[in-house]
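Presented sequentially are two complexes of chain A, the first with chain B as partner and the second with chain C.
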Partner chain A sequence: MKEIQSSMAGTVFQILVGEGDSVSKGQTVLVLESMKMEIPVDSEQDGTVKELKVAIGDFVNEGDVLAVLA
Partner chain B sequence: MFNRKGQSMMKKILIANRGEIALRIIRTCKKMNIETIAVYSEADADLPFVKQADYSFLIGPSPVVQSYLKAQDILDIAIKEGADAIHPGYGLLSENAHFAKMTEEAGIRFIGPSSSIIASMGDKIKARKTMIDAGVPVVPGQESMAEDLESAVKFADKAGYPVMLKASNGGGGVGMVRCNDEQALTQHFESTKKRSESYFGSGDLFIEKYIPNAKHIEVQIFGSADGEIYHLYERNCSIQRRNQKIIEESPSPQLTDTARSHILKAAVQAAKAVDYRNAGTIEMIVDESENAYFLEMNTRLQVEHPVTEMITGIDLVEWQIVTAQNIPVPITGQHQIKENGHAVEFRLYAEDPVTFYPSPGELTKASFPEGENIRIDFGYEQGNKITPYYDPMIAKIIISDETREACLMKAEKVLDEVSIEGVKSNLPLFKTVLNSESFKSGHYHTQSLQQMKKGEN
Partner chain C sequence: MNNQTENQSRFEEITQSIKKGGHDKYHEKQAAAGKLFVRKRLELLLDEGSLQEDGLFANQTAGDLPADGVVTGTGKIDGRPVCFMANDSTVKAGSWGARTVEKIIRIQETAEKLMIPLLYLVDSAGARITDQLDMFPNRRGAGRIFHNQVRLSGSIPQICLLFGPSAAGGAYIPAFCDIVIMVDGNASMYLGSPRMAEKVIGEKVSLEEMGGARMHCSVSGCGDILAANEEEAIKLAQDYLRYVPSNFKSAVPVLEKINPSSEKKLSELIPQNQNAPFNMYDAIETIVDGESFFEIKGLFAPELITGFGRMDGRPIGIIANQPKVKGGVLFVDSADKGAKFIQLCDAFDIPLLFLADVPGFMIGTKVERAGIIRHGAKLIAAMSSATVPKISVVVRKAYGAGLYAMSGPAFEPDCCLALPTAQIAVMGPEAAVNAVYSNKIQAIEDPKERIAYVQTKHQEYKEEIDLYKLASELIIDDIVEPDKLRNELIKRFDYYSTKKIAPAPKKRSVNPV
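On to the complex of A and B.
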């Protein structure tokens, strides 16, 4: 199982993929908001989004799992 | 230490901030023979402000919640080191009423307004009410918070779309979303509420009417220790990305004298309404017919304050420190604050000029031209890292000249000589703006940058 983790603490600002979508390496899957910045989180591998672990507005810490890829 | 009038003078100031603004405050302190204490996070250990302060203390790991937002730890250092005052800079703890109060209660001066003024202006719904009571026009909107989606929709129907959905405790362009119709409002309501809860600690929202093609004009205000309120003219901050300013200029182009004097007067009136002390900014939205509406008040020094310093010749940080010592600023009236020429500021960010996403990395090269009427407020030195933990602003480039035309011509030359390597920067974007018809003519508004990027102007 492959996971997409948060690179830093922040608030989930945008989610750009849905469960079941296929994503490729380097694709931005969601955008975090922190310190007035929007920070993209990219997938590190190809795969299909099996589960989204967060919703818009959630606060996440560095290392939290944001999505699970199959 | 006492001055000739027997007033006690400050000897040591702790700066609860980082980067360029910490350095800028150190500069004025040196001029005033005041010692400085820097506090810094692990990520910032190699930055110039840490070296240039007289004393420096590591406060914690890189994330702000573990370092620059640790109010008690910072205050403890100030107490232990015998600081007379704390300068909060901008962002971070600068508009944190609780921190200002803790500082006041510890017998240390907070360089800014009182904690109660900060609290009253930090709550945007309350601030709107205060201004309405004082007779200052505000953006048409809700007088109380939108309890739920239903009341928000009801209000938006009455006001007419588009509307702005905003967090009451938000500010600085964060926690607001434009909704073009009921569907958009419905879609954004819960997520905006949730985001402002995690971001600002309160999910209170309110609705304002969206004003199209508006100029964002703000007035620099100063409340002297003797109770006098002065203005230091306006700044046009309409070139924005994601509701955040990137280019500011003063005076504002394309503003009639009538509108201008009305705006300056309204700003002074707004500051008087709260018996304001120290440096503050009244932000206004000016519509196409030049109607000005109060947006919010920033109870601190602004990022773009150098634009005002360039045209007035006043050192705002010096005035802030003087005021914190309870000494009136050294003028006898508004007429002594004169404006000379024109100034423009460019905020150079380590970010992708197209997506605006931050681009951290090592600043392998950073060089700026020097010269008369060129001011570079730069918080790094070559070889430093722009880390992902903080706002990625590299430097502020401020240029002034006698006229707007001369100032913009000079700006183009100065920007051509700026060289940044190692990180992506928004430098190319400045050229796009300078060459656009709307910026050249001065007829630009808060949506202009988006249009320029699409090549529409």
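On to the complex of A and C.
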């Protein structure tokens, strides 16, 4: 299973993909807000979004799984 | 056959046999793994015909240990003399016996006397346990290699090219070098092998996962540059030497000036929105000479960029926040990365350019437990104690201790410059207004009124930290148009090149670690 993890602690600010969407390596899948900055989170691989683990406004810690790719 | 020809043929036979290295099967095994024979590596590394070897006949009487598994000597790179030691992994897997260690110690002593760079071409399984009494605990045992490395540090460049394993004690050779170039897939560093890990602590893990080149260059930070193959690693080492002097007293190499390769304008690269990400690499390309940026630790803690560049042909060290990664916020690893690079530049008189676009050091439980304050202190101590010319440029923002870490005005940069878009403050407007007026904001019931109040406060705050106000107070030394930044930096670095600061009258600092 391929996971997209949070690169740092912050709040989910935007979600740019939906479940079932295909994503490619390097594509920004969501944006966190942390330290008053927008932090893009990119997919490290190609795949299809199987599950989104977070909603806008959620606090996530570094390393938390944000989405699961199939 | 007369005596003379007999002597000659004996000499030739022995010499040739030593130069062949270990058994054919080990050569084949190496080649299959994409590894070159040690003498081929040296041929690629050094100027043609420049190699002068020492101790070729070491342990010759043993018969099966040609050169005792290590080639040492002196040669030239770009016409500049260097010393080298290079493990021969076709000889008992490049393991260290008594004479191996003695040869390494001697070449270190030679490099010290000649005050020239020392390259370590490492590919070794570690100590020969059968020889341990002769090479492990004694005064001129393996420990002396590391002792010498520490002593040599900062006086001559020490460069490690890691082609294969550097195991157990041997793993400290790269650890004490200024820079470690690792070959992807073949290089590894570890104290205990996966086999030992399984026996001693019960962990099942692969070598690549536990101590592979990619892991060390991106996670542990023990590696500085990941090379795709041996030829690339050798080219990188040669290129690295074009930025550093032969020793701490000699002049840095100056190359021909090349205009920046980027056709973009810095003014067009910087986004209007302070909080939006932008790519600092693009900004660097508009500032340094074309094709001159040489990145160090590019895969490790990428929220901070460190590397050499040239301005008007002269080497500089760049420390730049990368807003595109983690917002450019400083973390534990980025602080370490910056600290080591600053020490390297300061040791060899390479001027420092700080490009600040930093919201501050990361906060939260995770980083506090990891000792963000202690690690941040390392970065600040390294920057603060560096006496080379230092220029700090606030590109977009420098908030909180981020301003300090990026050589803010209090840390005696030779000048602190700002682009017209820059903001310098304890924190950004949003955070500051929240911190100061949180209770008042909450008390306003009408949402519209609340937003209006917050906006007024934002505006007041922005006026308070207005850049021209800071310049008027002489906090920053100049406001620079982005597209004129390169020229101004070239001029300033030229003027600062005669800077001299006497060392503080004390034995040493007690540095945070």
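Criterion: the second predicted complex is superposed on the first by the 70 of 70 C-alpha atoms of A that agree within 3 Å, B and C clash if a C-alpha of one lies under 4 Å from a C-alpha of the other, contacts with A are read in each partner's own complex, and residues count from 1 in each chain.
Methods note: contacts are C-beta pairs under 8 Å (C-beta built on N, C-alpha and C of every residue); 3 or more make two chains touch, one makes a residue touch a chain.
Only a predicted model underlies this, so the values are computations on that prediction, with no experimental measurement involved.
Counting the residues of chain A that each partner touches, chain B and chain C differ, and the larger count belongs to B. By the document's definition of touching, both partners, chain B and chain C, reach A:Glu38.
Contact with chain B, but none with chain C, is seen for A:Ile56 once the two complexes are overlaid on the shared chain. By the touch criterion defined above, A:Met8 reaches both chain B and chain C.
Put simply, chain A uses residues 7-9, 35-40, 62 to touch chain B in one complex and chain C in the other.
Residue ranges of chain C in contact with chain A, taken from their complex: 275-277, 323-329, 331, 359-360, 362-364, 366-367, 427-428, 430-431.
Looking at the complex, you find that chain A touches chain C at residues 7-9, 34-40, 61-62.
Of all residues in chain A, only 7-9, 11-13, 33, 35-40, 55-59, 62 touch chain B in the complex they form. Residue ranges on chain B touching chain A, taken from their complex, read 63-65, 91, 172-174, 190-195, 197-199, 242, 244, 355-358, 388-392.
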